[in-house]
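Below you'll find the structures, each written out as structure tokens.
Both of the next two complexes hold chain A, though its partner changes from chain B to chain C.
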Partner chain A sequence: MAHTKVLLVDDEKEFASALAERLQLRNYDVKSASNALEALGIVHSFLPDVVLLDLKIPGMDGIETLKAIKKFDSTIEVIMLTGHGDVRSVEDGMKSGAFEYIMKPVDIGELTLKINRASQKKQTS
Partner chain B sequence: MDSQYENELRTLQMRFIGKIIAVFTHEIKNYIAIINESTGLIGDMMKLGKSPENELPVYLDIIHSIEDYIEKTTGHFRYLNRFAHRMDAPLSSFHINESLEELIALINRFANQKRISFKQGYDNDMPPVYGNPSLLQLIIFTFVEKNIMELEQDSTIIMQTAVADKSVLITIIPNGKRVEGSSAPIPTELLDIIIKELGGNISQDRGKNTVIMLPLTSSTA
Partner chain C sequence: MKNMKQKFSNLLRDIFHPREIFRVLGKDRYASLKIRIVLLDVLLSMIPLFIVITISYFWFQKILKDDFHKQLNWEIQNTKQTIEFFVDERLSVLRFITSSYTYEQLSDQKILTETFARFKKEFGGLVDFGIIDSSGIQRSYTGPYNLAGKDYSTQEWFQEVIIRSYYVSDAFTGYRKIPHFAVAIKREVPEKGTFWILRATINIDTLQKYVNTVNLRSNDDIFIINREGILQTPSKFHGDVLEKYTAPVTIPRQEILIQELQTSGDDCKICGFATIKHSPWILVTVIRSTPYARIPSIFRNELFFITMGSILLGLIFTIVMANTVVNRIKLSDQDREKAVGQSEHASKMASIGRLAAGVAHEINNPLAIINEKAGLMKDILEVSGNTPDNKDKFLSLISGIAESVNRCRTITHRLLGFSRRMEISQDAIDMNDAIQEVIGFLEKEILYRNIRLELNLQENLPKVITDKGQVQQVFLNIINNAIDALKKNGLINVTTYAKDDKFIGIAIKDNGSGIPKENLKHIFEPFYSTKEKGEGTGLGLSISYGIVQKLGGTILVESEINKGTTFSVELPLKSEGD
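Our next item is the complex of A and B:
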């Protein structure tokens, strides 16, 4: 069975690198990007099942990035990562088609559960 | 200062402190998230039976990263603590470079979100000044924020300090293109009143640089 492809978008490289490694240890196929432009490039080439997207990334607003991903392929599921209680951004993200959100620091069990649910939704869409 | 300006000043101060706290908590949450993932990764590796003896460099790298972020977190708390204590007394003797360094550290993430960076050109022989460091930080922040809002991505804001004719000069130099049509209004009249109360003035150099002048006075003057 093919591994779930996850794109992790976060400008904190150490955070992204450690989380990517933890997900790889759990058999996810993970790529990372540190800004919106790089993320959109990887979306086109890697065709992820799920994108973990930090709402505050340099270069383009997280919500705009989310919209661009959904415009490219509406079946890619996006889980928003937020480092603060920015309820409004989360609401905007959900309205723009995000599957779920998760607060930083993340609980790895909760995150993998959400990734698996998002991946299942993608398979059935 | 009349009551109308007093109210405007309080509103501006509350907004400023709110912004500092918001940026600070965001930064600290990110640091904690990195520490959390790093410790989690060590746990994952141990559960998978990756022996610390065989994977020593990997374990040490992760541990150094955790130590680094604990140090950064402590440093950031130190900046916020110093920032808060600047409001303890209306007037005190302080070092301009130190108060600027602290302010820039506390708002750096806000600028980074727009991919704007700071460059510092401080005169290392600045004597201490006597005044209100908290109000000075408020004035500087207001001009810096305006530049952050108006500059295009990948621009730089250069912060300079210098001593000249019994006064100190703080110059804020935006280095980059302006976003077309951008204009972030600032309460110029109020800022002029504040700086006059501090015995200084604000001027524009070459139409874009902001120069804040403060007199060099001692507490016994």
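Our next item is the complex of A and C:
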């Protein structure tokens, strides 16, 4: 079975690189982007299974990025990362087709569980 | 003792440097309000009081004057009647003699001398008696001079007595140069178709005694003149008997005439003229003193005490009233300040709530980094064990963790600083630093909303002695509003500049949708908000306005629809606020 392809979108590069490395250690194929435009570019070329998307990123609003990804390929599952417990944004995200959300700081076990579930959902769809 | 000395020296300073008092009054607006109320009230109430007092003063003076005129008239009348009685009495006596004795009897020197002696005893001042026949020749005479045989036929008085049957002469000096006057009575002898005359001479001193009965002040004068103005009795100021009285004389048509003359100098102020019946005389009264002009001291004292009493009462009432009013104002001001203070506190709390969300987000990020780096270290240890190869990797991860901890520390310090600055303080602050700190709170928000921030901070900006916390709250409010007003691709420009050597200015400009004119005039009003319910307290700008005013500065807003809004705050280098 091929590795699950994960795109990590977060403007905190330190966070993104550490988390990416941890996910790689767990056999995920991980790429990261620090803004919306870069993320959409990678979505096009890399075709990830799951996108971990921070809701607050420079360039474009997180929700709009989510909509753009879903528009490009509705089977790509998006897990929202939120650092500030903004209930309204999470609600908007879920309505716009996000699979799940997870609060920062992230528990790696919970995250991998959610990625796997998202990946399974994509496989079946 | 030391305290007393201090008080005394303060009193001296106040007396010699009254400006100090005004300086203190100028500072204490309640005291100056009190003084203004008292002055205005005293002025308003004292003007009618003084008008009433002045009117009653003059009214009373007029009454006194009228009274004085009446009194004078009465006295002149009295004197006139006394003198007329005197003249009439002399005429009656002569008439009695002429009817009691015949011409022949009185032509007898002896009988005439006896009669003269008898009457001289009764009536002082008699000088002589003479009997004159119808041809004007003095037939007999008794007296100090040798006038028997003197011919009076050509004299004016002789003609007069023939016509009127009595005669009273002007004053004249006889041989001894003693002034006297003559009285004559004609006695008809119808059976012989002839007449004779009894003539008596009387010393003028006798008349003077009657004139002197009037009670006058030392400045006043009373005397008798004849119709030619020749003095018949001596005058205090116009000379002796037979001298000319030079002042104008008005012969009264009625019995008495009182004239008031507005002349300066020694001339009379009030002149009374009265004709004496059966004589050629005019009684003249000259009043130079004006006793009515000096309101009697009793009345003056009463008036003074009433005035002073009214002023004192008015002043006490005014002061008590001003005190009550100003104290009420002071209390309501204090209440208002308290209410403003409370709403300021509410606004601070609202700002803090807003900050807390931002801070939670900001702290979450470094926490997430620490979490991931620590997790990665654990992962590496679990996968490959503690090998020397991992040392560099670990060091880099640890320094990343330390850096994130520093980030957290900066945030917590900033937050602590903000809460500490809620206490009022006065520090010399660099406005550029203060603004950078405020922007530090908001930069994530600015970044996420994709807002461009331009800073034109003037270098070497003079330091401002003011309350940093309050100033920062103002900028936090204004920049927050700007962020809320901006959509995508917004621009916020913050400019600082030294306006002059007393003020510095801070302009915060956005290119948002602008504020409609009808809203612009309300934006500094408390609880005015155009944000959705629950989004804003409506207090931010009103409190900012209050703070800037309190710090002695100004806050201005200019806005144009679809072009943006500029808030300009100007602050004094030395804040006047407390």
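The rule is short, and it goes like this: the second predicted complex is superposed on the first by the 125 of 125 C-alpha atoms of A that agree within 3 Å, B and C clash if a C-alpha of one lies under 4 Å from a C-alpha of the other, contacts with A are read in each partner's own complex, and residues count from 1 in each chain.
In this text, a residue touches a chain if its C-beta (ideal position, glycine included) is under 8 Å from a C-beta of that chain, and two chains touch if they have at least 3 such contacts.
Owing to the predicted nature of the structure, the values given are computational and were not obtained by experimental measurement.
Q: Based on the superposition on chain A, does the combination of chain B and chain C result in a clash or a fit?
A: Aligned on chain A, chain B and chain C clash with each other.
Q: Under the stated touch criterion, which partner chain does A:19 make contact with: chain B (first), chain C (second), both, or neither?
A: both
Q: Considering only touches as defined above, state whether A:58 meets chain B (first), chain C (second), both or neither.
A: So A:58 meets both chain B and chain C here.
Q: A:105 contacts which: chain B (first), chain C (second), both, neither?
A: both
Q: Where does A:83 make contact in the superposed view: on chain B (first), on chain C (second), on both, or on neither?
A: Both chain B and chain C are touched by A:83.
Q: I'd like to check the shared interface: which positions of chain A are touched by both chain B and chain C across the two complexes?
A: Touching chain B in the first complex and chain C in the second, residues 12, 14-15, 18-19, 21-22, 25, 56, 58-59, 83-84, 104-106, 108 of chain A appear in both lists.
Q: Spell out the part of chain A that touches chain B in their complex, as residue ranges.
A: 11-12, 14-15, 18-19, 21-22, 25, 56, 58-59, 83-84, 104-106, 108
Q: Per the contact definition, I'd like the list of chain C residues that touch chain A in the complex.
A: Chain C reaches chain A through residues 357, 360-361, 364-365, 367-373, 375-376, 379-380, 383, 397, 400, 403-404, 444, 447-448, 450.
Q: List the residues on chain A that touch chain C in their complex, please.
A: 12, 14-15, 18-19, 21-22, 25-26, 56-60, 83-85, 104-106, 108
Q: Which stretch or stretches of chain B touch chain A in the complex?
A: 22, 25-26, 29-30, 32-38, 40-41, 44-45, 48, 62, 65, 69, 112-115, 153
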